[in-house]
Every structure is written in C-alpha cells, then in structure tokens.
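Below, subunit A partners subunit B and then partners subunit C, in two separate complexes.
Now for the complex of A and B:
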C-alpha cells in the first residue's frame, strides 16, 4: 500500500464538502444565473443527482474490490494495459482539475484583491503548499481539513445571515419559468454537478469503515450543493438575476454590499478565507489522487518521486491552459461530453463490467459441476 | 529524500522573498478619495471632467494631522476621454497614491446624466477598489460646483453629504440609491431607474429678504423698514457661519428625484411628486402630511405617517392590463392651526378619509408625471413580469408606450391610531 494512513468516513465527507464548495462558490453562481436567471438554484440542486450516480457506482466498485483504488480495480476488470490507460485518463483529468483550480484562484486574487501582483505568486505558493501536504499524506490532510472546514462553513453561513437585511425575495419571482431542458443542460456543467464525488474512488480503500462511504458522500453532495444553492438564492435576493448576470464573482460582490449600521461591513476578507482555505484543500486532494494514481499505475513503491514532477507540470499547465479569464469562463460554462464520459460513463462502465464478470463466474462453476 | 528537503527549503525561502508585496502601499503614501464628482463637457475630445475630494487617512481616523493642510478636504480636477484617463490626469497633481476603497459618494452632473450613465456605472462595477454600494447622486448643473460648497456642520463636504443621505432616509422627499440598486433598476426589464437630486442654492434667509423686496412697492414705507430690520436680525441670530448678509453662502438641499430612461436623464420629480412615487414603493415611513380640516377648510391639520404598506397587483382583462395599488398607512395627528375639537372618533374618521384622499391625489400626480416622462419608476412592468412572464414578454419592447397609458386603480386605507400628548385642543375663553 502506498498510503499507510486511514481516515474516517466523516473526514472523507468533510474533504468532499470542501472540494465541492471551494470552487463552486466562485464561478458557479455567475454561470448558472447567466443561463437560467432566477431559477439557477434549480440546476445546482439537480446537479447533485448526477453526483450521486457517480458516487453510487464508485461505492459499489469500492465494496466489490476492497482495499483497491480505481487504478487497481480498473486493471483487474479490464486487463492490465487497458486498465492502465483508463487509470492514466483519470490521472490526466485530476491534474487538469488541479490546474484549473489553481488558475481560477490566481485569477480571482489578481482581479479582485491584488491587481498588481503577478498570478504566478499565488499559483506557485499554492502548489508548494499542496505538494508539501501530499508528502504528508491523506490522513494529515483530512485532519487539517477538520479544522479548516469549521472556518469556511461558519464564514459562509455568517455572510448569508448578515445579508438578510438586503434581501428582497420578490427578485426570485417568477419561479420555475426556465426551460426544463436548459436546467438539465446547465446541471451538467462539471462545476455545477457534484462531480468531486469521483475522488471517493481513490479514497474509499483508505476509509476505516468503507461501508459508510455512500452515506458520507451523499451527505457531502447534498450539504455542499445545498449551501451553494442557498448562496445563489441569497445573491439573487440581494441583486436580482439581471444585475447578477453582469458580475463576475457574484458571491464576492454580494458580500461587498453588506453594510449593517455602517459598522458591519467589508466582509470580503471572509470570502478570501473561504477561498484560500478551500482551494488549498481541493488542490491538495486532487493532486494527491493524481500522484497516487501515477504511482500505482507505474507500480512504484512510494508516492514521493512523482509528487514534485506532477506539481511542476500542473503549475505550467495552469499558466498555459487559458490565455485570459474569458477563455477560462467559456470553458467552465460550456457543458461538454468529456467530463460526463470520464466521471459518469467510466465508473458506470466499470460497474457493468464487474457485474457481467460476476454473472460469468457464477455460471462457470455450475457448468464445471 | 534529503535532497528533496533541501530543494523544498530553498524554494520556500524564495517564496518568502518574492511573495505578495506588489500591492503593498504604506498608509502614509495613500490618499483617500471620498467623493468622485463627474461632469460631462460635450463636444470635446476629453469630455469627462472628474473632481476628486481627497482627504488624508489621518483625518478620517480623527487624529489632528500635524501637517498644515488647512481644509481637510482637497479638490483635484482633470479631464479625460474616459473616467480612468481623467483620474490618471488628476493623479499627476498629487504627491500620493489614490485609494478608492473609501469612496462613499459619486456625484453626477446634469450634463453627464443626460449624456448617459453607462460608462460611469461600468467604471464603478468594474473597478476593484470602488465599492458597489457607493451612493449615487445627481446634481442640478455642474457636480463640481456642489463640491466647492462650504461645509456647515461636519468637517468636510463629503461627510455633510453623507449625513444628508442618512437624513433622507428619515423623510420622504427624496430617495438616494446606491450604485448597485440603481444598476439593478436599470438592467431589470419593465423598470426605470432614479436617484436623489442634490440642489445647490441660496439659503432661505436670502429668500426672505427677496420676498420683502417684492412687497416694497405695495406696502407702506415704515413697515418695510421694520421688516428689513427683522430679516437682518434673523440673519444674525442664524449663527456666525453665514457672516454678513452680503456673502450668504449657498447651501445644499436634497429634494426630488432624477428620472432616467435607460441610462439617460429625462426629467426631474419635485419633492411632492417624489413622495407620490414613494407611496407606490412603500417607502414613505416618517413623513408629514397636511390636510384641510374637514370642518373648517381654512384650517390645516398636520399628520405624521409612521408606517406604510403597499401592495401592487396586475389585472389582465380582455387583453387590457391594469394595476390595483393598495396602500395601508398608519400614523398620528401632530398639530392643527385652529382649535377644532378633532380628537373624537367621528372626527378621526373624517380626517382618515381626508388623509386617504390627499395621499391618493399625491400618488395620481406622481403617476401623471411618470407617464408624461414615460419612465416606469415604480416597476409596474417588473411586477407584471413576476406575475405573468409571458404577457410581459409580448409587451417588453413597447413597455414605455404601454406604461404611458396604463390604468392604475389606487385604494388608500388610512388609520390614525393616536393623537399626541394633548387630550383636547386649548379653548379660548373669550
């Protein structure tokens, strides 16, 4: 085993919540509101369902092949080389998510807080922290997250409570006018969809009680997307859909106008706390999943040799992937087949294959008798 | 492994060396922009005239700044083709860096408002420092002229204007909006934007003197002299700030609204029409109403409004759209000019209906004005959209025309709960 630590189902749930919230809170409100106006929160709630499908597939596979990650059971299911290729696809896509998250974070910081600071400062310091944390291992990350999540969730709830003063619920009307097809389409945007449940395919073997992974994952998906929907509703109630369409970071903008009695104002710092902490956890989790995958595919005995190279690749990738923030946003907001295939298709396919294999195995002994 | 550690240590040290100081500025090198006044000079290559009211951080903190600055606020003006260029120009006159996070007010001159606010709102919402909840005010004439007004109660003119905005929320003669509220009204279909109007003019003392002058030809000489003396005396007792009668300073007044169609200023609502509009919006808490005494029309009763609730509902009949507006107000009697016995249930009922009539009249007046200007400041279109999106989508294109002939049915219910500290008006025995 490459990972010696064990985490509890509760810790895995917390990790998932952080991974889901961290990026979602930034761009998702803007993307969904652009598509669906005041019904944006519907897509977020619907998106939870797709995440649950992924979760279910990953959970079933995890129970069938205890103590194996997706990289390992892909090889047992599909054969050595096809399994390795599937594994590499996952490594690639985990790295891609890491790169995008780092880029989003850098763009957010330079746009809204430190316009004169080069983006590389944020990206490089973030990736070094992440590399360090990956070295330390999953258990350490989970334990650290236990502390960070309290900060993040309480700041988010605090912000929403403070904004109650600015709410006008009439802004949410007319409800349910959006086209159903548009809602479904928007809900398939990877950031909207609770896609991070896929990381459980790597984490489940390291759980102390793998059977509780389903409950933990489902709770995380519902909690995170519920909080996100609440955030969207809060922003909508404050600004109305038409003003929100023109803002880049709706949650930040909505926090900036909180002003209670001229004393309770300027809570942008809290958004930054949520962001720095959340993005750090998410980056580390995905980098960890990618590194572990590469180590397992190449049959290494240790995870360490691959961490630093992958970290460097990620940082370069995050710089070169998009030329500007418009490209980033466009790629975020267009639903494409690739994530659906990787995060929904492949786990279901693997589940199907394992199911057939079981049937075959059951039949063969009978014939032998 | 050891090599890795070394490498990591080196990189981490590098991070400390290069990290995040690009945006670091000492407080001593900063100046705080408090107000941005924006004027538009048509037919020029650099039409935007920006005036920045600037103070030093120490003044905000309330410390006495040792440096001899004189007035705590300094004005810096410059012109540019865009606001950013104009600000860049203005900063050439400055010894310190400009900092916009503490800007609280944006004043927009009449000409700039007529030309359109799109660029100004774009500047506000795209700027990382300027806050989305700055207050937006329109001035009659040049915004720069307002900035040169001498402050009367506060330390700086910006504070004075911010105070006036706070006060406006306790009366109902104007309704200053924050930039995001204004922009929200602007981009929401079926709604037009407005914000408060800031006027600069001579104080009332001067007006009194003028009134006396007008009376001169008709009146007797002795009484005129006495009147003039009285006016002077009044001017003196007014306070040291105004000084001698010759250089009476002009003062600021916030009353009325500027109405916009799209992003362009199309007209003004005076303070009565403003209150009429605010009844529609349910924003008239704390205001005074004057009505005729139902028994003796020559006498006036003043009423205080404490609470108001407005419900607007669209009705669609045979393709004809009409709105019903239901206003429920609560309040009490404050004073009367005569001594009629008005504290009886019957009288209160009569006063209630008179008050409801007065309110309805005010609202209809505001409605006529808005229909004349074709600006839907209430947002009837938005209300229709929220109740019946399909119908509104059909009308969206020609909503201003539709609005200008809209039928609105106003029902006002008034309740007077209390009548003040008196139990009966004073009776004159002889």
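Now for the complex of A and C:
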C-alpha cells in the first residue's frame, strides 16, 4: 500500500467539507446570482443531490473493492489498459482542479489584496506547502485539517452573524421566480454541485471504518452546501442581486461593509487568512489524489517520485490555463458535459459494470471450480 | 568461487569494527584476572585502579580473635561514618559485646558468619568480584574484603550532603503543595510514594552513561500504563550509549521522536504533585539522578498550556485560565508579525483614528517596521537572557535599565515608535504567561521568521509561516501519541477537556489518546451530586431542630 496512515471517517468528512467550502465560497455566489438572482441558493441545494449520486456510486464501489482506490478497481473492472486510461483521466481531472484552485487563489490575491505582487509568488508558495504536505501523507493532512476547519467554519459563521446588522430582507424578494430548468442547469456547474465527493473514491480505502464513508460524505455535502446557501442568502440580503452581479467576490464585499461600532470593521484580511488555510487543504487533497493515482497507475512502490514533477506541471498549467480572472470566471459559469461525464458518468458506469459482472458470475456459478 | 566468497566474508568481518568493544572487554577481563583473593594483592590492585585520590579510604584490620585479616573500602563523603563504625567495625572488633560468633571466625566461615551474624547493617549484599564491588563503592556503599575470599560483602551505607526539599522555583503556584523534587533520587522516590500509596506503583531502575553511570528510574502504575509505550521507552533508554548523563535534558534529547524540532516533545516538571498526577493519568515518569527535573512521557502539545493549579482551583477559574493561556500562546507567536504585516501592507484593517495615531508616531522613524520589530525583539531577548544569568539582586537593576530606561530613551531618540514598544512588551508578557518555559522559548524562536515573512508578504506571509508550523506539528509524535491530540485525532470529549477542565466529579475517564489498560477513573458521581432543593435532607431548619433535641 502506498499510504501507510489511516484516517477516521470524521476526518474524511472534515476534509470534504473543507474541499467543498474553500473555493465555492469565493466564486459560486456571483456565478449563481448572475444566473438565478434571488433563487441562487436553490441551485446550490439542488446541486448537493448530484454530489450525493457521485458519493453513492463511489461508496458502493469502495465497499465492493475494499482496500482499493478508484485507480485499482477501474483496472479490475475494465481490464488492465482501459482501467489505466480511466485512471489517467482522473489524474488529469484532479490535476486540473488543483491548477484551477491555485489560479483562482492567485487571482483573488492579486486583484483583491496585493495588486503589485506577481501572481507567481502566491502560486509557488502555495504549491510548495501542498507538496510538503503531500510528502507528509494523508494522515497528517487530515490532522492539520482538523485544526484548520475549526478556524474556517467558526469565522464564516461569525462573519454571517456580524452581518445581521446590514440585512434587508426585502432584498430576498421575489423568491421562487426562476425557471426550474435554469435552476437545474445552474446546479450542474461543477463548482456548485458537491463535486468534491469524488475524492472519496481515493480516500475510502484509507478509512478506519469504510462503512461510515457514506454518512460522512453525505453530512459533508449537506453541511458545506448548506453553509454556502446560507452565505448566498446573507449576501443577497445585504446587497440585493443587482449589486452582487457586478461584484466578483461577493463574500469579500460582504465582509467589507460590516461595521459594528466602528471597531469591528474592515477585517476582510482575516477572511483572506482563513481562506488561505482552506485553499491549502483543498490543493493538497487534490494534488495528493493525483499523485497517488499516478503512482498506482504506473505501479510505483512510493508516492514520492511523482509529487515534485506533478507539482511543477500544476504550476505551469495554472499559469497557462486562463489569461485573466474574467476568463476563469466565464469558464466556471458555463456548464459543460465534461465534469458531468467524469464525476457522474464514470463512477456510475463502473458501478453498472460491477453489477453486471456480479450477475454474470451468479449465472454461471463456479464453473471454473 | 569459494575463494572469492571467503574474501567477502573476511571483508565483512573487517567492516564490523569490533575493535573498540574488544579492547574494552579484554581490559575488563585482565582486571578480573588480576583480582586475587589474597588481601594484600587485592589492596594493591585497588590502589592502582582508584589511584591516589584522597577521598578513598582503606582500613585494614583483623578480627578480634586475630584469625582473619579484613579491610574496609569506602569513599569519604559518600558514606555515613557513624554507621560504618557502629554496624561494621564495632561488631567485628569488639569482644566486649557478648557475641559468640566473633570468636569462631576463621577464613573459611568468615563470609557466612559476617553476613549472617556479625555485621548489623540493614542493607547487605554480596559482590562476586572486585569490579562489581568497586561500582558499588563508587555509589557510596562500603565494601568489606576478607583475606582468602573472592566474594566481597557490600554494606549499604549511602549518605551524603543533600539539598532539602524546597519549593520548586521554575513552576510556582498560588495554590497547591510547595514541595519540589531535589537532586537525590531516594528523596524523590519517597516524595512520590507518599502521594501514591498503591501496590502497583513501580520504580524500575536503569542505568545510562558509561562514565557517570547515572541511575534512571521509570515510574509508572503497572495496571494503567500502556505496555508498548513502556517497552519502547525501555528500548530507547537502553540504546543510549554515551559517556555522560548529567541532566534529564540529555535523556530527553536521546529518546525524543523527532530530534530536529523546535518544539519540546517531552514535558518536564519539578513539581511533585504534577508528576504524581501524570503517573496517575497513566503516563510514565522518567526520574534521573542528580536533577530535580523529571520527564513525563508521552507528551502532547496542550499539556504545555495546562498547570497543576488548574485542578486545585474551581473549574470556572481553570477554564478561564486555560482560555487565557491559549490566547496568550497565539499572541506570543504572531502578535509582532501581525503588527508588522498590518503596518506594512494592510493599513485598511485599522480604524482610521488609530491608523492616524500610529502613522503620526511613526513619522520621523528612520527604519521600516521590520527593522524596528527585530531590533526591539532582539533587545528583549538579550534583556531576558541577561536577567536569567545575573545574580538576582543585579537582575532587577538590569530590568529597570533595560526595560524602562532603554525603552523610553529609544522612543525619545526616535529609534522606535511607541506602538512597537507596546507590541513587544505585550508579547514579552505573554511569553511569560505560558507555564512551560521550553514551549514558550520555542514560540519565541519562531516569532522571528514569522516577523520576516510578515514583512515580505503581509498577512499572507504570516499564514504561510503558520501553515508550515502546522504541517510540522501535525507530523510530530511523542511515543506514538500525536502531538496535537486531543484537539486533533482525539475523541470529542477529550477535545473539550483539553480546554475546559470539567468538574472533577464529572471527569470519569482518563484521556483516550494514551490507550491505557484501564480507561475509567472513577464511578459516576454525576447523579449523586445535585439534589433539587425540595429533596435536600440537610436544611437550615433541620439543623436547628437537631440542636434543640440535643439540649
């Protein structure tokens, strides 16, 4: 086994929550509000369902093939080479997410906080941390996350409570006016639906109690997206949809206007601090999944040799992927078939194949023996 | 083929480098060969081996019937001379006491008679040869050599000047016992025995240090302690191969999990009550001779923000103090770095009036905020170090000159801003509020890189540094126990307990992270504790009634 550590279901749940919240809280509000105005939170809640479908497929597969990651059981299910190709697709998509997260993070930092600093400072320092943490292993990542998640969640809730002063509930009206089709369409934007549950396909074999993965994952999806929906509602109540459509990072603006007694004001830098920690966890988790995948596909004994090269690839990719933040946002907000195929289609396909295989084996019982 | 193989074998033997151990072995053997039962030869050999040191005392004498020659060997200053006289010399030499055995002494039965009937020392043992006997003598025992007899009688006569039990200076407490450990192992063990009067309390002796032969005691409760931790500890201590162990810090360095870490992975204490509490919690105490500092194994980070006093004060007080210490811990680590970052990059975070004040105070100061911070922090570290090393009376003068005069003068001279002085002194006070000195100094060291990071990349740099520290901390272990537990990797109950000290009658279990043999600490006292007012049996009226009845 490439990973020697074990993590508890609770830790996996926390990792998922962190991965879901870290990036979503930044771009999702503006994307969904652009599409749906006051009903943006509906899409987020609906999106949880798709995440649960992925989770269910991954969970079933994980139980059927204990101690195997998706890279391994893809090979047993589909055959050696087709399985490896599916595995490579996953490595590619995990790396892509890593690159997007890093890019998003760098753009966020340069546009909002440090406009004079080159983006490479942020990307490279972040990937440095991620590489180090991947070297340290999944167990240590999970432990760190236990620490960080307390900070992140409590500060998010704290911020929302502080903003109560600025709320105007009239801003939330009219509710439920959006077209149902538009809601469904928006809910398929990969940032919106709880797509990070796919990482469980890699994590489940390292759980101390794999059977609890379903509960842990479902709780994570509901909790994270619930928090996200609450965040959207809070932002809507503060600004109304029209102001939010033209702001890039609504949560940031949202914190900026908090002013309580002229003391508690302008602490959006603290949001940045908390958010850096979250992004670090997400980057590390995805980079870890990609590295473990590549190591398993190429039958390496250790994960170490692939970490550095993949880290460098991710950095370059994050630079070349988009020209600017507007392009990034545009590509985020256009629903495409690719994530649906990879995150929903493939796990379901694998599940179907395993069911068929079981049926076939039952029909021709023990001829070999 | 075979010849090639044999060459390999030879090479292998060559590689093993057994030369030094062989030499040592042969030297010891040679000494044993020289060791003869004849007394005069033996005494010559002793003189050769111990040299002409003036504290070595050899007293030759004969038994009262003049049949057996004997000699006493002890180190002056390590033995109780009165005991040597009364219990060894007196019974053998005098025939005034009605002792029929001294008359019967011959060189054949001397060993048995002396051991069983004549000497009256309470601790008595037999050493098989001179080398063993010398080891005991050097620890303060008295050796009795008998002519024509290979074996040596060893009488336990250890007694030397000891520091009395005093109040621990490094860990003061408002409430709690005032006793601290001393440098003498026997006193220390007695202090622990007096607190834990249970048959399962074990003192396990080991030795380390080739030249110092320092005694190490592992103290634990045998039906509580985790056996694998105990075995690992034994293994690590047995593996120590060094010439000197002068303080428990030596052992700490040899046995800790990650040698290259700023953070202390083993807690030490001078307080007897704290040590006893650790043992009762299922941890292992490593006592080292000649030092009052005992090691507690395993250790997790949150022990450093706990003090024994937490358990003597009421729970609310303890909760408040622990929160305060946690806050202080963060202040000590990141306050100066945050200040530098905010001043250099994030002006918008400050309320406008405060910002204006700070800007006004900083006007005319030639250095950037980093230089200012590093200067002041450096000065503070120097002052602190000077205060520790100087005699106490002079130390106060240093703190006055350093703290008041230099601080004030630096501001007037326009070298540093008053804001920075406030920040640095707040940080300094915070570091002193952390109960464990070794933990607070780790934070002090980390403060400097954080300040530099904060000055380069603002708060992002600070959080970058903190994540680096967190990666390191999350990877640390102390004897199998994750360093950040129970906050990380622990049960939810333990997580809360590390911050909130529950009332004693509520804390039923010992920490889960230690994986002890017995988890439960006490019976459930929860239900018995609170009686609703209408069911109270002892009321004020009843007290009066009973008194009336008595009259």
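As a convention for this text, the second predicted complex is superposed on the first by the 365 of 369 C-alpha atoms of A that agree within 3 Å, B and C clash if a C-alpha of one lies under 4 Å from a C-alpha of the other, contacts with A are read in each partner's own complex, and residues count from 1 in each chain.
Methods note: a residue touches a chain if its C-beta (ideal position, glycine included) is under 8 Å from a C-beta of that chain, and two chains touch if they have at least 3 such contacts.
What you see is a predicted model; the values in this text were computed from it and never measured.
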Subunit B versus subunit C as contact partner of A:188, first or second or both or neither:
neither
For A:121, decide between first (touching subunit B), second (touching subunit C), both and neither.
both
Is A:272 touching the first partner subunit B, the second partner subunit C, both, or neither of them?
second
Looking at the overlay, does A:308 come into contact with subunit B only (first), subunit C only (second), both, or neither?
first
Output check: A:113 vs subunit B and subunit C. Expected answer is one of first, second, both, neither. What do you get?
both
Applying the document's definition of touch, where does A:146 land relative to subunit B and subunit C: first, second, both, or neither?
second
Return first, second, both or neither, reflecting whether A:223 touches subunit B, subunit C, both chains, or no partner chain.
neither
Have a look at where A:243 lands relative to subunit B and subunit C in the superposition and call it first, second, both or neither.
first
Name the contact category of A:280: first (subunit B only), second (subunit C only), both, or neither.
second
Once the two structures are superposed, pull the subunit A residues common to the subunit B and subunit C interfaces.
113-114, 117, 121, 125, 132
Give every residue of subunit C touching subunit A within the complex, in rising order.
342, 345-346, 348-349, 351, 457-460, 462-464, 467-468, 470-471, 474-475, 482, 484, 487-489
In the complex, the residues of subunit B that touch subunit A are 1, 4, 7-8, 11-12, 15, 18-20, 22-23, 125, 128, 131-133, 178, 180, 183-184, 187-189, 385-389
Interface with subunit B, subunit A side, in the complex: residues 111-118, 121, 124-125, 128, 131-132, 170, 173-174, 177, 239-240, 242-243, 245-247, 253, 256-257, 259, 304, 308
Given the complex with subunit C, which residues does subunit A contribute to the contact?
8, 11, 109, 113-114, 117, 121-122, 125, 129, 132-133, 136, 140-141, 143-144, 146-148, 262-263, 265-267, 269, 272-273, 276-277, 280
